[in-house]
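Think of it as A, B, C and D in the order they're written, each chain with its own count starting at 1.
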Amino acid sequence: MVPSITRRRRRELVIAAVLLAVLIVLPLPIHDVYTRNLFIITLLFAGLAQAWNILGGYCGQISLGHSLYFGIGAYVSTLMFVNGHIPPPVGMIAGGLVAAAGALLVGWPVFRLSGHYYAIATVVVQEIGYLLALNWDLIGGASGVFIPFRGESWLNLQFRTDKLPYFYVALGFAAVTWAVAWWLEGARLGFSWRAVKDDVVAARSLGVRVFRSKMAAAALSGFFTGVGGAIFAQYVGYIDPDSILSGQLAILIALPAVLGGVGTLWGPFLGAAVLIPLREVSSSYLGASGNGFDLMLYGILIMAVALLRPQGLASLGAVFRRNANGAP
Amino acid sequence: MLRIEGLNASYRGLKALQGVSLNVKKGQIVAVVGANGAGKTTLLKSVAGLVTTEGSIVFDGQDLRRLKAHMISRAGIGLVPEGRRLFPRLSVEDNLRLGAYAIAGPDRFKPLELVFSLFPRLQERLAQRAETLSGGEQQMLAIGRALMTQPRLLMLDEPSQGIMPKLVDDIFRAIQRIRDLGLTVLLVEQRLAEALEIADYAYVLQTGRVVMSGKAAEIAADSAVRRAYLGL
Amino acid sequence: MTIETLLQVAVSGLLMGLIYALVAAGLSLIFGLMDVVNFAHGELMMVAMYAAFTLWQMSGLDPFILLPIVAALMFGLGVAIYRLLIARALSVRFNRGMVQIFVTFGLAIFIRGFMQFVYGGEFRSITGTWLANRTANIYGVYLPLPQVAASLVCLLAFAGLLAIGRTEFGRALEATREDREAVALIGIDRDRIFALGWGLGAATVGVAGVMLAGFYYISPNVGANFALIAYVTVALGGFGSMLGALAAGLLIGEVEAITAQLLEPSLKQVGMFAIYLAVLMFRPRGLFGKL
Amino acid sequence: MNRIAAAAAPLFMAVTLVAGQAQAADDIVIGVVYPLTGNAAPIGLDAKAAYETAADIINSTHAPIPVLMGNGGGLDRLGGAKIKLVFADSQNDPQKARAETERLITQEHAVAIVGSYTSATAVTISQVTERYEVPYMSADNSSPSLNQRGMKWFFRTSPHDEMFTQAMFQFFADEGAKTGHKVKSVALFYEDSIFGADSSNVQRKLAGENKMTIAADIKYRANSPSLSAEAQKLKAADADVILPSSYTSDAILILRAMNEIGYKPKAIMAQAAGFQESAFMTGAGALAEGAMSRSSFALDATASRPAIAPVNALYRARNDKDMNDNTSRDVTALFTLADAINRAGSAKPEDIRKALIATDIPGNLTVMPWAGVKFDETGQNVKGTPVIQQVTNGVYHTIWPFDVAVQPAVWDVK
């Protein structure tokens, strides 16, 4: 039993390394800005979905309010850069830490709730954060924060028209979240989460400190979501509550993980790779007609995947593998 | 009346029944006895359509395996399930009347008289919520609710479980009376002595297989059987 | 603040609270029955508003008169949604909780796109109705008649829901929600009860939508304005409890009205959210929820 | 690995396929970015119809319309090249607006961008156009801060909220001098997004400068289910004029909410937006009677602007409603841009920019009641002079400036 698990884990590491290598060279021959943008957004959401997966998937706490941590990360790093001239790579970490702190603060009362009560409470907390940001003039209020262009440099994480650096930042972000998830799958913490997810009472009897283990998941998940928010802010160059603290965004963070496979290592990536390009391309080429086709398509896709592949797209992989190798 | 042949069923990945065959004749009390985990509950659930099975279950010439659970109930099979499964926040009266939900016609509540004559205590507690009843009263209510569906075959899953000894006797007496009124009864019990005492025929189940069957009195008398299969 | 203002605030909160309560009632019903949170609930209300609008445009009849027709249509829609989507979502073997969340979420997006396709994005209003823009003045407290009518209909709808609860069908609903497996043993077809429950839930929110259409604008996104409040109302009242939905709706309406008076109106929803969180700290299953 | 590639490959193939669509060589591509789905979609869809109308006037052959580029037949100095519009849906999302602008510039080879109604999207669009060095013609963004970022490629034909608000207060002063009706107190009522914030900031400042009391300063939640508490606050303040900055849905709702509590405000002076939408007129019905609004457009100024009637007729044919504050600005922006491209005689962005800087169009060659179009060094049109209008009998009529007014202002409409 145990050796087969480690063999599987090693194989996953090898797959990831190969994938990473491919992704590193992939954008080089593609010069089209739109396609590169698509890659960046997809990777960013792959990382965000993986971050969500830590809490929502492995630990089983379906948060529909993750844009709160995204927004916190974005605001902290942006305000540090705009007002304090602190370079975004530093602001990113700071934003992640504040977001993690926020996640702990939210988790403390909210983890007492379960099931749908929990999910709705996360929406409410996110909505409160949104309303406060909208009314808090010190952080720009409704007008948002404009990030001035301070010259092309890695330190500022600003590039005039070049998309390649952002691509590697997003790739790095996604890779790190994947690595963390991979590590967690083998770590003690990961086991206790799965125990919590399956059966809280049983987990408790096994000596898992349920509350503490949920808090750890929230902090990790919040941290990486915050980092993602900071990257996003620097990439877009402008933040306002509507675009980075909305409920819609919270769903979009969770959706790839759900479609791809909750609590799986590859699910969030797979979900993002399918969902984000589909969403972007359909809204680019169908949305301009204004007749709602893109929304209908998007809605049907979500329903279809949820019903036809309830265990997520990642399960398709298992089917392939079983057929190819004759072993699960 | 009920004929089961070559029944296989799995429960949570474990094979709970393996090739079980069983026959219940009209107007009899048939007891199925066996130790914990022998597959007794799964057997009743299979008949009631609550678990998926392989094999054949024929009731009055009708193949039950084609029917959904609620149609099996309507076909005339009542199950008093393990754990009683009452509707805890509804009143005793509502629990009873709901038993007649699928029955049409002016006489749909007629079995109430029978239920009250079997269990007079229920009549005293009509307005109470089911969850406030004692264990024995809940069992009575569960039997009463099943009777309200006007079954021809009544299946009971461990009716004596978790009940004061004094009430156990009442319940077994009631089961006898039900049989005497012309109903057929399939009874699953761990309390061997009482079950075999009222039963006409008995099957002994062990790890999902029928290991023995015969007249209840004969099985009750065979001490070797009792030692070998029933751990007594 | 004068006594008139105070009363006016209380009345406004009450009138809006009843609408919130009715919007929430259908959601609560469906959840209580089968543990499904319908994330397309606001969109069902929006569909009812458009249905009322279209029928009004075609017939020129007052939405009041159209109420039963729209309710019946919504009932059918609810049943159809259950049969086509939800029954399937309930039968999956993995991640059932997430599947039902995202199936209804996908449905919400689809309905929004579909309504934009049919009606365009334009804001619509039902105008020139019998009660439109009329108000009654009682000792300096103004009562907008369309809203008063809506509130009365809300109360009637609640009375209706409670009355249904007392019928045999209502008992069967309650029994199904308490033990969805055991009902099969007494010959109740769970699937049918669920479908009817969806029909009833959709009809209820349909009634709210029609009454709302009498004084609110209609657009493909209008459901979202009410949906979040409906979820909060249901969670505050306790999933599955009709009385909870009523009490929570009124509470939220009042808290909203009072917060808007005391604080910046743009923060009025913070008030209701804060109350919600505060209540959940002490009663994690809401005011009337089952523990 | 291969399952990811297998899943992703068709999608990326689809992208490159669509990306590969070629343009007809002659066409001058202009990218148009608007919210075409979501809450702001009605505005975006109207804008789309307006641009299509204007492009049609520029491109097709028809009887000359007395407006800039109104002769038809394409851009004559570019050999009759046609304007080709490529629309993109911003979904009112800054990130999306940014990406779509990039797509329009790099894939569709747009030589200029027009847009975008909402301020947040204008911020990111202008960022992109600045970096790609392509002109951005802001048609209907009214946030005053947009042109104050030292941008080279940003141009705005429309007046901004500061100019609009100055016009409002000038109108109050002129009315006072003419009729003796003085405005002593105002109530600010604005939605909580960037439009409301910007608009109210200017109003607050100008009210102070004009020694008016601010009787109420109410920021409200956009798309609220109810505005009755807000209406009560307005009633309690009972200012001489209520200054709403609201989008359509809220504009309908607040009028209804005030009516519901039996409050008829003394006067309403709207920062256009929702108050100028046709959906508002149907939705609010009789309640809109007497409401005043600033506008950059006057449908009734047909005497001094002969192009209004034919352009409006064409727009009507396309969209089944009259041009309004927004759509007229959209039309004007495209005419101005096309004229600049034509004068530049080139589709090179730098040439277009130079031509835009040199723009000086007299007012009577537009459909607007403006003095004209001439950009200052920040790209702002300094000749965009707004008008004040008032609803009488369900239609907006111009009441100020007095020289273009068709009727006098009515105060205290009951």
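Convention: contacts are C-beta pairs under 8 Å (C-beta built on N, C-alpha and C of every residue); 3 or more make two chains touch, one makes a residue touch a chain.
Note that the structure is a prediction, hence the values are computed from the model and not measured.
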item: Chain with minimal offset from the mean of all protein Cα atoms; value: C
item: Most widely separated chain from subunit B, with each centre as the mean of CA atoms; value: D
item: Pair joined by the larger number of C-beta contacts - B-C, A-D; value: A-D
item: Euclidean distance of C-alpha centroids - subunit B vs subunit C, Å; value: 43
item: Whole-Å gap separating subunit A and subunit D, where each centre is the average of the chain's CA atoms; value: 36
item: Centre-of-Cα separation between subunit D and subunit B, whole angstrom; value: 76
item: Chain centre separation in whole Å, for subunit B relative to subunit A (CA means); value: 53
item: Per-residue overlap in subunit C, given as positions that touch at least 2 other chains; value: 113, 116, 121, 220, 264, 266-267, 269
item: Shared interface positions of subunit A, touching two or more other chains; value: 131, 134-135, 290, 292, 294-295
item: Two or more partner chains touched - positions in subunit D; value: 37, 41, 44-45, 192, 219, 221
item: Chain-level touch network, classified as line, ring, star, complete or other; value: other
item: All chain pairs that touch each other; value: A-C, A-D, B-C, C-D
item: Of subunit A, residues touching subunit C in the complex; value: 62, 109, 112-117, 119-121, 123-125, 127-128, 131-132, 134-135, 247, 251, 255, 258-259, 262, 290-304, 306-307, 310-312
item: Sites on subunit A touched by subunit D in the complex; value: 15, 18-19, 22, 32-35, 37-38, 41, 131, 134-135, 141-144, 146, 148-149, 160-161, 232, 236-240, 242-243, 266, 269-270, 273-274, 277-278, 280-281, 283-285, 287-290, 292, 294-295, 313, 316-317, 320
item: Interfacial residue positions of subunit C with respect to subunit D in the complex; value: 5, 8-9, 12, 15-16, 19-20, 113, 116, 120-125, 127-128, 132-133, 135, 137, 142, 144, 147, 215-217, 219-222, 224-226, 229, 256-257, 260-261, 264-269
item: Residues of subunit C defined as touching subunit B within the complex; value: 168, 171-172, 174-175, 178-179, 181-190
item: Subunit A-touching residues of subunit D, taken from the complex the two chains share; value: 1, 3-4, 7-8, 11-12, 14-16, 18-19, 36-37, 41, 44-45, 48, 86-89, 91-96, 98-100, 102-103, 105-107, 119-120, 123-124, 127, 130-132, 145, 149, 192-194, 196-198, 219, 221
